[in-house]
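Shared chain: subunit A. Partners: subunit B in the first complex, subunit C in the second.
Our next item is the complex of A and B:
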């Protein structure tokens, strides 16, 4: 008896012809994602002039540059919190609806149309002579039009229009995943609506909400076209993606551009890790009602 | 379902529907404003424009060379869809059927492009593409768009392939099917619904994918959404009605595919399917 061939030993560990099918995809990802990313890291450490850390030093010494981190967070965090605060109660109502499809279809529109289209529409809609101001003045709420475009609020509105549906659809899928029998059990035992929410649903939802928060935040944080079109890209809505784009493609300093892009990814990672670490403080377990 | 009665519950319920209604109303108004303006002769400060015309569509079609732009958009988007479909299904099949050392790392590699902000990898990637002389070319735009779409197909297809019983394949093997006929006659028909859904989602996403295309698109390789961005960015140069006419053209092309996609997928899948998996 001879030992099993190399081929069958590899197959026993899961390596055979079928496994090799991942090679084209793997090569693609290595060539177009891993390599450029590594290239970006090294490139950012080889500045046009100065020591290896010169790009980072320049970024963190120039208030016009490092201020973009605060500007981005100042937009992305409030918008994400508002989106989630709206999404949770509405998702709880919609979960009881039988025909959700119409609403979900309407809400998918701004996501598929994208930020550029929404920004174009909002420029007219929120403009000084647009419908929004017109309606508010007609209702007597305003006496003169509010300035809502080319500033912070324009970008905020665009992130709300594209971000709320996103947060809502994610939350809805988590909320529908909770077994209604759990709520019925709590109601049978005499828990009121507020208690049911705070003591039954919320603990079950926290993991899902943390993920929804992260994904909504990632979207709002990467805001680029609407910050340029609807905001004040030289002023309060000069977000970090604008800084990275300008460095790389307007000043043709790809080394600096890569450095800012990496700082951007780093800041986002910090927020995501903080949120996900906070999640582990809460209950983790099944949201189904069955034993087991 | 439990229905709470009582005044506070009623007020609360009303408030929630009011907020949801307001949102939908504003959303509808944003879209309506674009459509109305594209048909308006002159529209300043009133509820509705002074008169109606269709000439802005002809203007926009010539000024923005929309026939070229639409053609290029479809060429790019279909190439991206087909390539990410082919590559994605092959990869997803291997990942769904085999356990091998290092699989977790490979799966993580496919997740990263969907988690990292587009510009964070987009800027180094665009730099690399420019250095290889691909910046501004058709293939440059296709390649940069494949980076998020291909992993998306993989993640959508893995659970779909996993639910197909491997014994069906084994049975086909027993009856003498080779790898090619196994793929063509057994797997392909079974996977068709999932593939169709995944590819339509990729198509809709690629049409609206702005950031990455924007980084490498040259004058002859602008997609509709990038041309729209430049038009809005330089607004004032052209009549706003003309820009909005182009926005409507973009909207119609996107919604056409969205409507088809919604025949096969649930609206929530457009955001949740890949995202939820990427969370775990």
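Our next item is the complex of A and C:
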């Protein structure tokens, strides 16, 4: 009896022709992620002057620099939370609609606009002489214009608009993944709408909402164009990506720029790990119910 | 036995044998439900006595599930009334009706253990502590799942999940238990086992049960009364025997296994019997509707009552297909005129051979053809 061929032995270990399909992706990941990332790490450890950790020491000794971590968190966390808080109820409503596709298209449209277009629109709309203030003053609700651009709120609004479609689409897919009969079963067993949400939907949605939170948060934490265009980039909306940009392209210290970028990644990683660790406290199996 | 029942703690009545009937008479009065221009329910009238086991039987799309969802409160009515014990309930939210429902997909809460699933309805009623524990234990015992109480639904087999769904529905002692094709996702053997269990549980808890199915065997073996539905209307209400022996029209007959129908012309009527001429042969059958001689009608008969043999007399036909089913052969034959006849044979007939079919006397029914 002959031994199985090399091909069938490899196939038994999950290596066959189909495995080759990952090659293009792998090459891209190596070339566009692993290599630049490794390059950035090494670059950040070779400061212009001082010991290998000098860039990091400098960043964490300068309030003007390390303050950007909190400033960015102060933008990204509330925006992410508000986005989720908006996405969940809207997804719940849209789930029951027959013309789901039309509404979903409208809600998702902001994705296609691009940050700069949104920023430009918001400047005109929310600015001191924009429609928003104009209308409120005409109605006599305001006596002087609210300052909504070139500060925290401008960036906040912009992040909300560009971030919402992502949060909404992800939430909608999780919400519609729950078998409607599960909710009906809860109703026949005496659970009112509030109890059905708190005891059935929420626990089943937590894992999905955690992932949505992470993706939305990372997106918001990397804010750059709207912080410059709509915010106060020298003041309260001097976010961490602005600090990295200034180090690398205004002071021509690419080593410092790399260090700040890595710190930014580190902060995101901490938040994501915390959220996903919290998620593991909940049920994570399929929410589509059971066999059927 | 009565003395025991009288002394029993009310909380344990449900687990006692011969439990008293709970809840009142359930009345459906002109129940209507339309989706746009489509009438899924076109006025259903039905009164169900406490403790009765009712099967809603019909092909898919006949409105039986719609009717069940309306009774549960999961669908709003577009007309009519539902009363329980004389009290109108059709305006109530499903959570205020207190009915137990068993879903086709089981609809267990995937993130809760079996115990929590079963206890959910009790928790919603504010029943806690030892009382809740006892009732959960009793309900799980009734479906023989005590040992699985701490598992998640995903760790159970389909049959076990269906049992949990039943325990979850009955633990709240509902006046009415609604079952929506609960066995359709199980394999044939398990289906038979669960069928017997469902009837046993019904007899034990004393609730009214409304059971939706498209399987006539299930309906015949389970129900006290069967309601045959078609196109949003009730075709016939009756005991399994009544439906099986005396369907009122061709639609019900079709559902009760009268697979063969032969169009013909009434020759004579005598009492409730009539003579009908089909393809030149004359047969006597039970007239289920009133006829006059000369009218068009159809003779309907079950395969087991239409016996084929290789020799005359009988309706001449050619065997199209034949299969062995243990005690007898069953097959399909076609007459020269093209009529298709489902027959039984005690001897193997070969495909393509001529056969002569004779209906068993008293077993053929005569209906109006356009009854559907």
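By our rule, the second predicted complex is superposed on the first by the 256 of 292 C-alpha atoms of A that agree within 3 Å, B and C clash if a C-alpha of one lies under 4 Å from a C-alpha of the other, contacts with A are read in each partner's own complex, and residues count from 1 in each chain.
What we mean here is this: a contact is a pair of C-beta atoms (placed from the backbone, for glycine too) under 8 Å apart; a residue touches a chain by one contact, two chains touch by 3 or more.
From a predicted model like this one, the values you see are computed outputs, not experimental measurements.
K.L.:
Touch check for A:22: first (subunit B), second (subunit C), both, or neither?
P.N.:
A:22: touches subunit B, not subunit C.
K.L.:
When the two structures are laid over each other on chain A, which of subunit B and subunit C touches more residues of subunit A?
P.N.:
Touched residues of subunit A are more numerous for B.
K.L.:
With the two structures laid over each other on chain A, which partner does A:195 touch: subunit B (first), subunit C (second), both, or neither?
P.N.:
second
K.L.:
Contacts for A:204 in the overlay, against subunit B (first) and subunit C (second): which applies, first, second, both or neither?
P.N.:
Only subunit C is touched by A:204; subunit B is not.
K.L.:
Go through the superposed model and pick first if A:184 touches only subunit B, second if only subunit C, both, or neither.
P.N.:
both
K.L.:
So, A:282: does it touch subunit B (first), subunit C (second), both, or neither?
P.N.:
Second partner only.
K.L.:
Just to be sure I read the superposition right, which of the two partners does A:45 touch: subunit B = first, subunit C = second, or both, or neither?
P.N.:
A:45 contacts neither subunit B nor subunit C.
K.L.:
Need the overlap of the two footprints on subunit A, from subunit B and from subunit C, as residue ranges.
P.N.:
After superposing on chain A, subunit A residues 184, 187, 192 contact both subunit B and subunit C.
K.L.:
For subunit B, which residues count as touching subunit A in their complex?
P.N.:
Within the complex, subunit B contacts subunit A at residues 1-2, 4, 9, 13, 16-17, 19-20, 23-24, 26-31, 33-34, 37, 44-45, 47, 87-88, 90-91, 93-95, 97-101, 103, 106, 109-110, 112-113, 115-128, 143-144, 146-147, 150-151, 154, 179, 204, 208-211, 214-215, 225, 228-229, 232-233, 235, 240, 243-244, 247, 250-251, 254-255, 258, 262, 266-268, 270-272, 275-276, 279.
K.L.:
Mind listing the subunit C positions that touch subunit A in their complex?
P.N.:
Touching subunit A: residues 72-74, 93-101, 103-111, 120-121, 124-125, 152-154, 156, 158, 161, 165, 168-169, 172, 178, 185 of subunit C.
K.L.:
Using the touch definition up top, name the residues of subunit A that touch subunit B in the complex.
P.N.:
Contacts found on subunit A: 13-22, 24-26, 28-30, 32-37, 39-40, 43, 86, 89-90, 93-94, 96, 101, 103-125, 129-132, 134, 161, 164, 166, 169-170, 172-173, 180, 183-184, 187, 192-193, 211, 214-215, 218, 221-222, 224-225, 228-229, 241, 244-245, 248-249, 254, 257-258, 261-262, 264-265, 268.
K.L.:
Looking at the complex, which residues from subunit A come into contact with subunit C?
P.N.:
Touching subunit C from subunit A are residues 179, 181-182, 184-192, 195, 199-200, 203-204, 282-283, 285-287, 289-292.
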